[in-house]
């Protein structure tokens, strides 16, 4: 198999399908025609795509939690709670970590032990084990559209089951669900497997059923420079579009500096649109999502609310199409439904107070957008070059070469040479640029920004800064100043 | 000073890599010899590494919530492999959700862990405990 | 007595003093020399003025709660809790409503009933009844500076007792503690009585003891247009400076639109400084305070946190010297100490995450500053004219004429002709300009802004808009859109 | 329709004027004749106004927390003044702090109030109750 960003022939796709569906007994429940018929029965207002398009048009930011528990009835009750008490505009179904690694037997053990102990023993909803029927029990009982959110390097079976199961959006991508979520999976493998998911989504699309796809923007959630996450988003958008996906939500994890965050989101949207246009993918609707702070949270709930609300404010000021919400329990564990709903309500209040306001343009914002635009293009152009024009192939080679490099990633296929740190205003910059294909001027810009902080803090630039920055928000501030 | 050896890793299907990298840095900085297995480490891998490097302690992290499932039988496996009495720590967000820590600690102690650390424990606390338990001054 | 903005002769002041001190038995405890000696013993780090100057220099926003309970021991315990668990930078002592109206007998009843029932039966700390000794028991036991916060039209005795009692800051003013806090008190009377307080503060100052004074910025806290509250702040700063006050904190109550709020605070600071300079008051240190949303709050605590955090963000972005904090119990009643501390921690976290960021300059901000600057000057110049150059006299006449007019004020000496409403971005504008001395262009600006909202909402401009705006934040948004 | 007359005001040393202005507007809008005494109204002033205008109900607001002290003996004073049985409502933030509403309601009922309304009650609820109790359709 030679990886290429090329639409799969239908029979190539179908040839794989049998193996995919037979990986676990519930695979048998999937029948493509019947699944499509079922999806056609879902009213428009309950589809992800409809809500996102409306929101984009009216410039309102929608609010979406993360949530998943092991048993169907509990999961449904949880989502209903978030719908009514949390005022969620969009709902999730967060998948447990065994399912994410295709360890369905362990997931089964988790289900059994959860039943036996009456405690949730899995950190999410094992959708494959519950099968198409279990999924439909959930999606059909809600008036809010539901998305699958996970972190699965090989999500083919999960995608088959959940799309047939009535979910109208599917998160993930061959890079964003590999590098931060796996250790040993090659990019060849995961990009290939995600082409399957995109092809499946495209197939639904060709049959008149619009399913939303969402690359996972925040990656490791920890000091990821915007040029890195935006590059990955562009690539995954291109990969999805090639397979026929028409509705893509690109994401970004809040870094904490207002100007940088708004700039990153603006740059993200325009860069994705520009590359889609350049490669001739017409008729793709691009929306955006901001993830509230994805790194370590403060344990104190009042302080956690502050982190949540600041993320909400950024989402609203940047006019993101939706925002993914944290809970005041974030630092401690999977939230109770009450804590989850509280995070949602705090977010909703912030969003609505800012609904009619936006970040004012200005020189600082323009400059920051220009910085991110330029760096992202540098990375993407070098990636295309490495792939001899093919973005899929280029991506594999770019990661090998460290042309794309995600900080703190567990994957052995990520070079791990760059080192991010905050500048004196809290924007995420590069203390070490690793092998990123930046110009000398760009490298100097980062160096100077961090040196400036060093001078202000009266200390040399070092790894201690990075450590301080990693802890900073959980300890009550943005920039990890020396104690 | 004879340097103590520690096996470090994140158990199960857990990919939370940040805390692991910091613990690695902090333990080395504190003078320990650290064999860092990174994330997604099975019980078997921990034990193998401990045997291979004649380790003094195994420090298990679990962040993602499946700690309770992943850690079942760990002590027995150590015993079977000839690591009787090896110091066994666990820390992180080791259960699903916000649960009273005293109860969680008790459950993991029952499973044979010598020390159990709650969410957000600082590396310093771990180092302090290791020094105490391994008689390092 | 002819009111004038003129420094009182010392014997004029002393002549009044006896009557003031004899209004309640605890007045006898006050001895000016002894009080000054006591104040001199307070270490610098525990003085308000020191902390404010440091904060101003380092551009950090300090965090301060409201808090007061009837009994001394409980009050001290409450403040200690807010100091340790709330991480407060500055502490308050909020005075109960009977004391504010000099009803010391009723306050005494409240103290007795609180002791008897074990419940707080007063909404604050009755400092006059507790006397100098009671006050010192509080102020001496804390390492954080403490301010008197109240709403007292005639605060002469309260000021005497609390300054001798070791408080290093005193809130209020002859306008800001009359118009929103009284029904029948004339401005002649209250401005005169506050000249007493300022003269007393000035006397301490002349003796080397720097006491901070803070006009109450938010007035009625409900849709007050910035030009009104800023005009009042300028006037009270001038009145205080004339009597010898050297350290003034001018305040502003958050309206909710980011650009307007930052602009208002910037305009406030520079306008106050400009007028102080114009009238030759040198060596006055001016600092600023932003009050988190002062109108009706949402009952839900998660939503209340959102309102609190958004206010904190505005304070930090505007680089206010301090921020006055609400609690998640705001809509329900005087907060428990836990709720109060939670509000503080959420605020602290937000402030610290934004400590190194500021609102970027830009055209929108500049324009808004220009609008507020110009309107405020219009009002102040007309006020000076009305007073034949005397700002005290002018103020009385300006209120009579509606040249200064506070919305929703209980005072019968306030014309009550203006009607504020939000524009389409949520900035507070004037639906009815009443008798404000605005130019035709300025009036048109407001009209047009509100008409724009009307068009957007597809409804005529009416009082219903105002009602909708009053409820808006408590119902989850900023602009009261039609339901 | 015979219009019912209501005395409206904020009791005691309370200056919270915003809710009062809205209630005034809403009650008039709902067809009542409203005598609005504004803020800082004493029990005596309420009673005087009720006698003068032959009122059908007295609607007391208290926001600032001293409601419990300010309302003591109100019903007795009404009785003494010959307003036996007059409809007496109270609403707002009528006690200090967040207290269980059922208990608060009970205490004010004991004091002789016919209806007791908690924080943030909408004018509509008040109007609905008035119409019911005064037999307005």
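Note that the chains are named A, B, C and D in the order they appear, and that numbering of residues resets to 1 at the start of each chain.
Rule of thumb we're sticking to: a contact is a pair of C-beta atoms (placed from the backbone, for glycine too) under 8 Å apart; a residue touches a chain by one contact, two chains touch by 3 or more.
As the structure is a prediction and not an experimental result, all values here were calculated from the model.
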### Task
Find out how few touching-chain steps suffice to connect chain A with chain D.
2
## Note on the structure
Any chain touching chain C and chain D at once appears in the list none
#### Entry: Centroid distance [mean C-alpha coordinates] between chain D and chain B, Å
65
### Geometric centre distance via CA averages, chain C-chain B, whole Å
54
### Message
Please tell me the distance, in whole Å, between the geometric centres of chain A and chain B computed from their C-alpha atoms.
### Response
30
### Message
Centroid from C-alpha atoms only, then distance chain A to chain C, rounded to Å. What do you get?
### Response
45
### Query
Which positions in chain D touch two or more other chains at once?
none
### Query
What residues in chain C touch two or more of the other chains?
none
### Task
Please list, in label order, each pair of chains that touches.
A-B, A-C, C-D
### Query
Which chain B residues qualify as touching chain A in the complex?
12-18, 21-22, 25, 38-40, 64-66, 68-69, 93, 95-99, 119-120
### chain A - residues contacting chain C, complex
256-259, 298, 300-303, 305-307, 309-310, 312-313, 317, 341-350, 352-357, 360-365, 424-426, 473, 476-479
### Task
Report the residues of chain C in contact with chain D in the complex, numbered from low to high.
96-98, 100-101, 103, 106, 109-110, 113, 119-123, 151, 180-184, 220, 222, 295-296, 299, 329, 331-336, 339, 408-410, 463, 467, 470, 474
